[in-house]
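Each of the next two complexes has chain A plus one more chain, namely chain B in the first and chain C in the second.
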Partner chain A sequence: MGETASLLVEVFFHTIGFWWVIIPTIFLGLIVGGIPGFSAANTIIILMPLTLAMDVETGIVFMVTLYCAARMGAGIPAILVNIPGTAGAAATPLDGYPMAKAGKGQQALSISFVASCIGGLLTTLIALATMPLLARVGFYMHSVEMIVVMLFGISLIASIAAQDMVKGLIAGFLGLMIGSIGTDVVYATPRGTMGFLELYDGVPLIPALVGLFAVSEAFLIIEKRVIISEDAEPKSPNWHDTFEGVQIALSRWWHIVWTSLIGLVIGVIPGAGASIASFVAYQQSRTYSKTPEKYGTGHPEGLIAPESANNGVTSGTLVPLLVLGIPGGATAAIMLVVMQFHGVGFGPSLFQRQPEVGYGMFMAMAVAYLFMFFTILPLSRYMSHVTTVPTIYLAPLIISFTLVGGFVPREYMFDMYLALAFGVLGYIARRTGYHVAAILIGVILGPLLERYFLLALKKSGGDITVLFSSTLGNILWIALAISLLLPVWFERRRKRQATEVPAE
Partner chain B sequence: MKRQLGGELVIPILAIVFTLYYFSTIWNSPWTAQVSAFMVGGILLLVCGIFILRCIVWLGRGEGSLGVGNLFSMDDIRTGRIGLLATTVGFCFLIEPLGFTLATFLFLFASMVILAKGRRVPFILVLSALIAFAGWAVFIWAFDTRFPKGWFEVTMKALLSNG
Partner chain C sequence: MTRLDRRAFLRTTAAAGAVTLAAPGIARAAGYPERNINVIIPTREGGGADRNFRAFAEVWKTKLGTDFEPGFFPGASGRVGYEVYMGKNEPDAYSLIFGNMGPEVLNWAMQAPESFSVEDYFYFGRVDVDPGCLFVGAESKLQTMDDIVAAGKERVLNVGTSRMAHPASIGLLALGEVTGAQFNLIPLSGGKNTVAGAVTGEVDFSVLTSGTVIAAGDAVKTLLVFGENRVGDGLDNAPSMNEVYGTDLPEMLSSRAFAIHKKAADDYPDRFQILQDSFKATFEDPALLDAYVELGGTPEYLSYGGVEECAAFMQAMLELGAKYKPLLTGA
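Showing the complex of A and B:
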């Protein structure tokens, strides 16, 4: 134990010595994370020759920092212009954007940065301490349990639908239907592809994200001179708003802790990822809130939950990679390839053979979050001014760079047309009172839900009762039922109390 | 003003048409291709049906009309939205033959001039050129991102490789 502790301290100080890699990589990560299509995974692939030429430690620090910074960067445009940089930040604008529109962009960015840094740092340390235990989570999560976890995410549709239940459900289930486009996983039968070969692999996420959020938003914001509400007080960059945001986030420290833990646990499950974690965290945060009616109107807790959860995922993803050699996501898979090139063998023996590499990855993450806290926070003063740029310049800029971002992942021109089609759908949805986030949740979770559902049915020979056949699954079913029923119960109690209190 | 139900019905009608089309593509497929889609599609048809029934009730009570004022209005022309849509469609089609930089420059210039109603043209010209050039420098030159390449990118590559 003492040996490990001294090794950890040694690795920590050694990692700080890589500040010259960490700081520029943080800014690179913020840029690539903020532009849809330019994920950390794509950037590591583009810069693969550079990464392979670095020594193993520099390569680790570079990749891990880029991963963390990109995750945080995705939240910046989500808050300021309602455009999530990645699907993992799709729940961030639900409360972040209303804050920015109300002239509280600087506070919202500070809240997001603090939640991301503390959530990321905390889960990194917890992952480091409980690695062997966490690594087993993946073994217990089979198709049935995964279905319930997906349903936790999908139940957010119901929360979003609270204002108009039928419209919310139409948006959510239309998204699930669109997410089902593509060949079926067993016999590769094309379904709903309209004859387009490009849709055989399913609907690509980035064009859907770009269209539903960025393009449709760009067509809407031109109605106003600037994004920020006309009645919101125009402010010059000031430290007061930044520290107010920090204070708001720190006063909700417990919220950061438990929502980031949701991210950590979901991150450990291979294939789950940040989008599910952020939706689940948002939904759970709303369920157990004393003020659920404030969610969606610019409530700090609605911003903290998805941001701390999606940064909790970053450390969770590394656990199965390091302990089992199973990458938990696309970025982890690329890291695995790069590290194997350097002769690093992942798996249980890594911590005996090369402990400095195993612990080094987590330490790099912890140090990256520490550096990020101090380098990004001052920037919130200036970033928030995006909301005051005239929309006649901002809207074309958003359209051109995000549409091209839709092209990047697969390099099909078709994906740009698809993003435009989603833009039209998103525009109609926004103008007529349907929630684009509900459509996106469906598109993201639809294919995953179908895959696990089919796996469960195949295993049981078509017996639907398999969904209630495991102990852990049943516990999760009960938790899901409670989280759906609790808000209804709270609402009824609130109404009853309101009627019991005589009007003054 | 009455509730514009015509606009609100666009998404449910699109959803119904798409779901029925989807069902037609899986009708003779193995059960593995059908089970999830029939479940999700069935619920979608049900909620769309409920919404249409609700609209019929509102129409009967005179609380709504089949207007589409919430979707299309004179504001679309006044704000330049129709023009922006036209330039966006043009951008998608021109980016392949012209390449990223040139298509982005033309799109930014045309869109900004339309949205600014023809004011500040010299400023917009310089701004569009700077943004398009910065985009080329960051994404194509620095990161070698595989954006669609055209005359400008090929020329710049030749210039840079010849020192």
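Showing the complex of A and C:
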């Protein structure tokens, strides 16, 4: 124990010595994370010749920092211009963008940075301390349990639909139907592809994401002069707003803690990812909030939840990689390839053979989050300028960026047309009062739910009772039922109290 | 003065005639290649095919005197790339496809698309052979093949595979036939998830291309190889299926190879000959092994194969695909 502690301290200070790699990489990560379609994973692939040429330590610090910074960077356009750069940031604009529109972009960015840094740093330290335990989570969370986790996220549709149940549910079901396009996961039978080979693997997420949110938003903002509401108080960037955002986030420190833990636990499950974690965290945050009606209107807690959770996932994905040799996500898979090139063998014996590599990855993450806190926070006052740029310049820029973003992951022209089609769908939905977030939840989580459902059925030979066959699964079913019923009970109690007050 | 020798005269005349007759072909081939060669890769950039391609192309371009331009067309288990190659690329020997013969031919056998036929292209240059294998998680209760066969006779075992139409899946079905054990294939979508399935106990064990299993290190234990174990300890010295069960199953390989339009080979035999010769010369250059290892390839899997070897493997995949189609498609 004493040896491990001294090794950790040694690795920590050694990692700080790599500041010359960390700081430029943070800015690179922010840029690639902020551009839709780009991510840490494809940037590491593009820069692979460079990464392979680095020594092991520099390579680890570079990849881990890029991973964390890109995750945080994806939240910036999501907040300022309603463009989530990745599926992991898809829940961020739900409350982040309304804040920006209300002239609180600077506060929203600060809240997002603080939640991301604290959430990321905290979960990194927890993961480091409880690695052997956390690695066991994947041994219990199989397809049956994951079905319930998906339902936690999908139940958000019902919450969003609360204002107009029929329209909300129609939007949610439309999303689920769009999500079912593509070949089925068992026998690869094509469904609803309309003859397009490009849809065989399902509707690509980035074009759907940028189309529904950003392109439709560009169509809408063109009708206004600037993004920021006309009635919002015009302000020049100032430190006060930045610190106000920090203070709002810090005063909700407990919220950051528990939503980042949701991210950590989901992150350690191989195959699960930031999109699931951010929606589940948002849904849980709303369920147990005293003011659920404020969610979706620019509520700080609605911004903290997804941002803390998706940074919790970042630390979580390292656990199965280091302890079991299984990469938890796409970026971790590429890290595995690069590290194997350097002769690092992941798996149970890594911490016996090369403990400095195992601990080094977590320390690199912790140091990266520390550096990010101080380097990114001051930028929020300049970044929020975007919301005051006239829309005649901003809207074409958004459309160009998002179409390029739609193109990048697969490099198909088809995906650009698809982003435009989703943009039109999003525009019509907004104009007619259908919630695009409900459609998007269906598109993102629907295929995952279907995948786990079909796998569970295939394993059980088609026996539907398999859904209630595991103890942990049953506990999760009960938790799901409670989290669906609680808001109804809270609402009734509120109404009862409201009617009682005038009587007094 | 030199006297004209009758025999020399006849020899010279015959040689001149042969040169004259072959001239158009030589003239055409002499100018080949005049530009870069496009290579369609039906998988994602940064994947195993990309790395193998880059390693091979780095050396091949020095033999051929021109560069290769890769184009990545992932999707539909490789079908998008083949559709693009067969439907949109000119059959002029300036366009090749670098595919994975095992799963991609099997995929065609399962889907039988009307848009192109497997008769319209053929593989002529095999780069590597990576046999499928059977492995368990380090903490699995099933630690030997005897454990697996005994358990498979008592209950249906769930077996992870990256996708149904995969050579390793066929290896498993053949194993079930020979041992009488019952297996239920569970497609876990990709190598990473297939390894995770076996390690975390989502499935009883998994079958997969061995390169990915080697990368998983000591989190898994390999028990059987559906082909030759070329890496020994890297796959826990697991024996081959034919050796243990006396079967004569062809190697169930993930095997990357270059293919060309049949029409291009027919219309431009000289160009095709240059491609074949330079491909073979690449294998004889020690620089290839260095480039292959440098980009993370398993050196033991680097293996030359020409038209005949590729055709034999493709035929075996088509026959096995037809045999097991009902089990792999649920039809």
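Descriptive notes on the structure:
Everything below uses one rule, namely that the second predicted complex is superposed on the first by the 502 of 504 C-alpha atoms of A that agree within 3 Å, B and C clash if a C-alpha of one lies under 4 Å from a C-alpha of the other, contacts with A are read in each partner's own complex, and residues count from 1 in each chain.
The rule is simple: a residue touches a chain if its C-beta (ideal position, glycine included) is under 8 Å from a C-beta of that chain, and two chains touch if they have at least 3 such contacts.
Source: prediction; values computed, not measured.
After overlaying the two complexes on the shared chain, residue contacts for A:Glu198 are found with chain C alone; chain B is out of touch.
Residue contacts after overlaying the shared chain place A:Val186 against chain B and chain C alike. Applying the stated contact rule after C-alpha superposition, one finds that A:Lys458 touches each of chain B and chain C. More residues of chain A lie in contact with B than with the other chain of the pair chain B and chain C. Using the contact criterion defined above for the overlaid structures, shared-chain residue A:Glu411 touches chain B and also reaches chain C.
Within the superposed three-chain model, A:Ile45 lies in touch with chain C and out of touch with chain B [touch as defined at top]. In the superposed pair of complexes, A:Pro378 makes contact with neither chain B nor chain C.
Contacts of A:Pro24 after superposition: neither chain B nor chain C is touched. Residues 185-187, 411, 458 of chain A lie at the contact with chain B in one complex and at the contact with chain C in the other. Across the interface of their complex, chain A is touched by residues 7-8, 10-12, 14-15, 18-19, 21-22, 25-26, 29-33, 35-37, 40-41, 43-44, 47-48, 50-51, 54, 70-71, 75, 79-81, 84-85, 87-89, 91-92, 95-96, 100, 104, 107-108, 111-112, 115-116, 127, 131, 135, 143-148 of chain B.
Touching chain A in their complex are the following residues of chain C: 45-46, 72, 74-77, 79-80, 83, 110-111, 138, 156, 158, 163-165, 184, 186-189, 192-193, 195-196, 199-203, 215-220, 296, 328-330. The part of chain A that touches chain B in the complex is made up of residues 38, 43, 46-47, 166-167, 169-171, 173-174, 176-178, 180-181, 184-187, 189-194, 215, 218-219, 222-223, 391-393, 395-397, 399-401, 403-404, 407-408, 411, 413, 416-417, 420, 423, 425, 428-429, 431-434, 446, 449-450, 453-454, 457-458, 462.
Contact residues of chain A toward chain C in the complex are 42, 45, 48, 138-139, 142-143, 183, 185-188, 197-198, 200-201, 270-271, 320, 324-327, 333-334, 336-337, 340-341, 345-349, 410-411, 451, 455, 458-459, 461.
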